[in-house]
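Shared between the two complexes below is subunit A, which has subunit B as its partner in the first and subunit C in the second.
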Partner chain A sequence: MLNRRNLVTYSIAFLFILALNFLMPRMMPGDPLSAIYGDEVLVAMAPEFKAHLVESFALDEPMWRQFGAYILALFQGDMGYSYYYNASVFSVIIGSLPWTLLVVGSSLVLSTLIGIALGIESGWRRGSRTDRTMLAGLMSLNGFPDFFLGLVLLLVFGVLMGIFPLAGALTPYSGLSGFSLVVDVMKHMALPVTALTLAHLAGVYLLTRNTMITVLKAPFMLTARAKGLSQRRLKYHHAGRNSMLPVLTVTGIWLGRLVTGALFVELVFAYPGVGYLTYQALLTRDYPLIQGIFLIVAIAVLIANFAVDLLYPKLDPRVSYAH
Partner chain B sequence: MTHFRLDVSRVAIIILAISLLVLPACSPGEAQDSSQMDSYTIADATGDWGYPSPYLRYSRGPGYTRMQFIFETLVWKSATDFVPQLAEEWEYDERENAYTFKLRDDVTWHDGEKFTAEDVVFTVDYIKNHPDPFVTLIGPSGIKEAVASDDYTVKLYLEQSYAPFLNDIAGTMVIIPKHIWEGVDDPKSLTGPEAVIGTGPYTLADYSKEHGTYLYQAYDNYYLGEPVVKEIKFVRISEEMIPAALEKGSVNAGDIPPEVVAEMEANGLTVITAPVAWNAKLTINHQKEPLSDKGFRQALACAIDREALVQITQRGHAIAGSPGMVPPTSGWYNPDTPQYEYDPAKSRQLLEELGYRLEDDYFTRDGQQLELELIAAADYKEIGQFIKQQLEQLGIKVDFQTLEAKAVDARVEAWDFDLSIYGHGGLYEPSILKRVIVDEGFNSARYTSNEELNHLLEGQLSEMDPEKRKDLVFQIQEVYAEDLPALTLYYPKWYWAHDGKVNLYYTRDGIASGVPIPLNRMSFVK
Partner chain C sequence: MHISLKKEIERSNAGRVGLSLLLLVIAAAVLAPLLSSYDPGQQSVGSLLSPSGSHWLGTNHVGQDIWSQLLYGARTSLMVGFGVGIISLLLGILFGVSAALIGGLYDKIVMRVVDAFIVIPMVVVVILVAAYIKPDLPVLILLLAALSWQGGARVIRAQTLSLKESGHINASRMFGAGRFYVAWRHVLPDIVTILLVEFIYGVRRAVFMEAGLAFLGIGDPMLVSWGMMMRDAMSFSYLDVWQWWLVPAGVALSLTIIGLTFVSHAAEAALDPRLRGAEVA
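Presenting the complex of A and B:
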């Protein structure tokens, strides 16, 4: 549970992350003005206009004052103002966040559930034909990055067969509503979710299978067998449950990447998520927006860690005695 | 148009090109036969370019393109020339250094109010107080005063003689309604539907920042008649999928990579290519020995085969660079510009004149081997390797490194380099020449030591007689090519494909001050 020591650890981590979030984007070479205005600096930016921008973005202030202002604003719930989007960082992120959570969240749940299920079956039947087929199939899948799988899926099911749409999160201006809108959104998310699920399925599967094999050799399994428990109970309740611990850790790490984890897939599918937003923010050196996104990532990681900490003793009570 | 591209997408485009060739094509979209088309969809990989209002759109060309369906300027451009827009006619008075614009009297704002000269005067004053990235009204290109002599006549007094005034100011500055913007102190705070009330053929029906989509509706009371399309949509599709969407007929137009041009044409789509507007340059540190010597720079130019560079690194989808920077396709191009044809023997001769001798395959002077450092962003990797190979063949050792783009810019700005590769657009209007030859900034050669060149660059900006100005621009190319503070390597070709239902074209010298996107609003008006 959350005791005082935990709280202190989390707070220190959080403050450290805030400082890093602030410093790192500013350490990248280049400045936001030339990044935002790009080649058009040549066509457009008069010295007067440049001075106006530097002033309004407070780029002429010393770094520590910018940092002070940032922290102060943050504690008032103000995440800053995006240079590029001309809007508050909060409103920019909140527009994209639900779409990312939808796609990455669905694929996280799917890949974890399917991965664990397959891993348990495979480990239980170690050395059998089913095990070998699954192992070979998923191992080969493991080598492909998510965006590549996405492209292949797009070419086959989008371009050639025409079953799924080529881009976006919904059909723009289709006038759909209610149930048909839900179907439309599902159709658009099908391929990106499949790509992400396939890309991460193998990791979960291999981990579960490995742990399963180790657990099967544990003395308590022998005891359980000796007690004459049913195969079902042995497989799922005793071996399966104990194999989930490392998977939980990995899923926790993954959960932290929930926000930006789909960057490449979002690019390939032109999906309106935070990954795409991050890409854009980095290209344009939009410091406040980069900070805002990384802040959300940091919070997600901390929450995921905390959740894993809470769940661990539930799955394996031995963890609580370890202190 | 950005030149940032993940390597991922390069691979993707190649995969896509192959699959489109090998596999059977999909059926094209159904034809429409009504006189006014219901809807026209434009695909774009970048999507969101801001609320299409003068102060909320994002600063670059695509943002302006999305705004020009709603907001209009005093004059406009067709594929070939300046054309009347809000002003029916205009006249320049040299003695007063002022332009007089006779305005149309039948124009209404989208909210029904009448458009008058007061709106123009207001716009000029407003931009002077609230700078706009596209229109600079203070300084050399500035307007001293705007005066409405009656409801439909407005006179703009210039600060100085400014040759590109029609292109850069009158043809770029969108007029905003006084009755709405009056009293708005912070232009970015006007975010509602009133911020998109203009005089143009379309009104904004919807904009989505996160989806990067726009929906425009025809403005039926448009003074030039009913627009030809009822609805225009902008949708975001990744650049790899735009060709497939075009073939499926789910979009009507979009920009396409050069690799799929032949395939698009074979499928009955119309492919158009922009007059080149962008160039990649070999930037030379002319402040540093031995690059400070003109002869040395000329030796470099003769040693790099720009035709082969285009074939090898750009797979032929580009035009070889002219040392005068102005592209051969431009009306401002001087055919007598020195070209420095590929001639390694000439390079060797030039280097020998400077005291270099070939020893063990490399040129050496005073016991020191000639070695140059070439830095470039990863986007220019192939070009850098090509140049390295050619110079080493000649006998100059080259240390080539790729760095992050902004790191390259920073080192060039600090003169901490020998050679670098850099690209920029804006080649339509010759006023660019001064900005990238003598002005400050990493993207300029900052070459100020030739008085004659400085004089010519200043002169062409203030020369109001087009013929005389052309003569000056011709001379600039000759002097610049002779001195070679930088060498233009190539001009890439850009393509759009569309289904022909609307006649898309590239505007002369680009939309407004030079946006190379073929979406002139007049394509959508009868």
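Presenting the complex of A and C:
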């Protein structure tokens, strides 16, 4: 359901992101071009090209005209030019985006499924030994930063045991295709996905477990029990299904955390996604690229949140009645 | 009835473990000069030395003592964590309480801004801003605090709204209790647990963010930080040094975050009676 409240929220978020991206380089002391492109690049730039840039950014005009030019360029898909990669920012980011989507998507699915399953079991057996062990274990796991988990996995399974590759997303120059290519990709993504999944499992688990505990006390559970339904049916169909809903509401926020988690984990495994690109861009002070990554990641997370907000009432009719 | 927070936290296993871990880290930070004989920035004789009697955890790639870096790293983590925690809590109280009490358009505006910030991924904002302004410690604390008060404000607003309407506050007002007496005796004890939980959330997020940013190479390079130690150590992972360089820094960071998680979990259980009792008691 598209209500006004949501629209206002997302508009504010969207405007904030655009404004931040626009203002950051222009607020810096000195020549705005040097802040937009970085000093190193500017020295090497031909004067004609500089003039062309000043004109295209409308840098010699008042702020609001500059903002207009900036928005216009964005809508034309022009996010600037990366001098380090010698390509447009957009194409550089698009090139690394699939890898991040692959890793983030896999860990989103895995952590949600495993988290819900563990949460249902744990909540059902609340207070038992199994529950307490799982709770303590997963809460401790929650304390390990994703990049440290990644480093530990890398050292144990990559360096010491040599089971998994140490870096990259593909074996370079292997000329693999078909099934062996798929295996190669899976082998490379196994450790990053595991690190992200482990680090983000606990959130889903805790939420499901808490809801499960609340749902188990609901009157309809008593009714279901009184009808003589089997334990299995009670646990999964009645309690379990209802415990999954809150997980869905936070999926958007979760996705945001996974994406930022991926930024760190990719660096550990030199995985060629957006995270590793960010790291490279920071190292080489490739400001247009940093800006482009910020814009794409932030807006992607916004869209994901928005989609969840739209989808949620369809899955839980109670929410749409409430409006 | 008001819950005794101290008792609730001390009663639960998670709370006790968490508090002990935190005390350990705080002790390391406070006693750092006593526990190590080296300045963390001082470059000594040899680089990448193995652990020995004089360098308990060996030395890093530029010959700094890793043990003392580990201790001083606790200072950075805690300073950022508690600094951000306190400032964002104050901002959360300011906006949460004022939105609840003033209401109307002001409330609407504050809440929409709060919601907007909750969907914006904070890490990428920090990365962008930090790439330009290269923050030192105080600026980093302010930056993180500016981006992390929103969740707390929402919770504090909800709590203030429900307290405003609740019976025991009306009753005590009727019996002639003054505003400050009510605030001190009835409102504060009810809200303090929520404030603590929000505060710990803030601290935890900030500790994590500081380490993550240092790991990415953003932040003050002169500052000793666990994240930076891990970043430096990562480039030498083909040598054995990770055992006494990378792992201790990562474990220290993880134990700090686990300690915070456990304490907040215990406080949260105290807050929600449904979760109380049969909990990890």
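Following the convention adopted for this analysis, the second predicted complex is superposed on the first by the 249 of 323 C-alpha atoms of A that agree within 3 Å, B and C clash if a C-alpha of one lies under 4 Å from a C-alpha of the other, contacts with A are read in each partner's own complex, and residues count from 1 in each chain.
Please note the rule applied: contacts are C-beta pairs under 8 Å (C-beta built on N, C-alpha and C of every residue); 3 or more make two chains touch, one makes a residue touch a chain.
Quantities reported herein were computed from a predicted structural model and do not represent experimental measurements.
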Exercise for the section: Check the residue A:Gly256 against both partner chains and state whether it touches subunit B (first), subunit C (second), both, or neither. Expected result: second
Practice task
Figure out whether A:Leu283 sits in contact with subunit B (first) or subunit C (second), or with both, or with neither.
Solution key: both
Handout entry: Which superposed partner A:Leu154 touches (first subunit B, second subunit C, both, neither)
Key = both
Exercise for the section: Tell me which partner A:Met28 touches in the superposition: subunit B (first), subunit C (second), both or neither. Expected result: both
Practice task
Considering only touches as defined above, state whether A:Gly95 meets subunit B (first), subunit C (second), both or neither.
Solution key: first
Practice task
Determine, under the contact definition given at the top, whether A:Thr208 touches first (subunit B), second (subunit C), both, or neither.
Solution key: neither
Practice task
Kindly classify A:Phe264 by the partners it touches after superposition: subunit B alone (first), subunit C alone (second), both, or neither?
Solution key: both
Practice task
State whether A:Ala167 touches subunit B only (first), subunit C only (second), both chains, or neither.
Solution key: first
Problem - Overlap of the subunit B and subunit C footprints on subunit A, listed as residue numbers - result: 28, 35, 147, 151, 154-155, 159, 264, 267-268, 283, 285
Handout entry: Residues on subunit C engaged by subunit A in the complex (per definition of touch)
Key = 13-14, 112-113, 115-125, 127-129, 131-132, 208, 211-212, 215-218, 230, 234, 237-238, 242, 246-247, 250, 253-255, 257-262, 265, 274-275, 278-280
Problem - Contacting residues of subunit A [partner subunit C, same complex] - result: 5, 8-10, 12-13, 16-17, 20-21, 24-25, 28, 35, 126-127, 132, 135-136, 139-140, 142-145, 147-148, 151-152, 154-155, 159, 210, 213-214, 217, 252-253, 256-257, 259-260, 263-264, 267-268, 278-279, 282-283, 285, 287, 290-291, 293-294, 297-298, 301-302, 305
Practice task
Mind listing the subunit B positions that touch subunit A in their complex?
Solution key: 2, 4, 6, 8-9, 12, 15-16, 19, 23, 26, 45, 47-48, 50, 56, 58-61, 131-134, 136, 138-139, 141, 188, 206, 208-213, 215, 231, 233, 235-238, 240-241, 244-245, 248, 250, 278, 404-407, 409-410, 423-426, 432, 435-436, 441-443, 513-514
Handout entry: Residues of subunit A touching subunit B in the complex
Key = 28-31, 34-49, 52, 84-87, 92, 95-96, 99, 147, 151, 154-155, 158-160, 162, 166-170, 172-173, 264, 267-270, 272, 283, 285
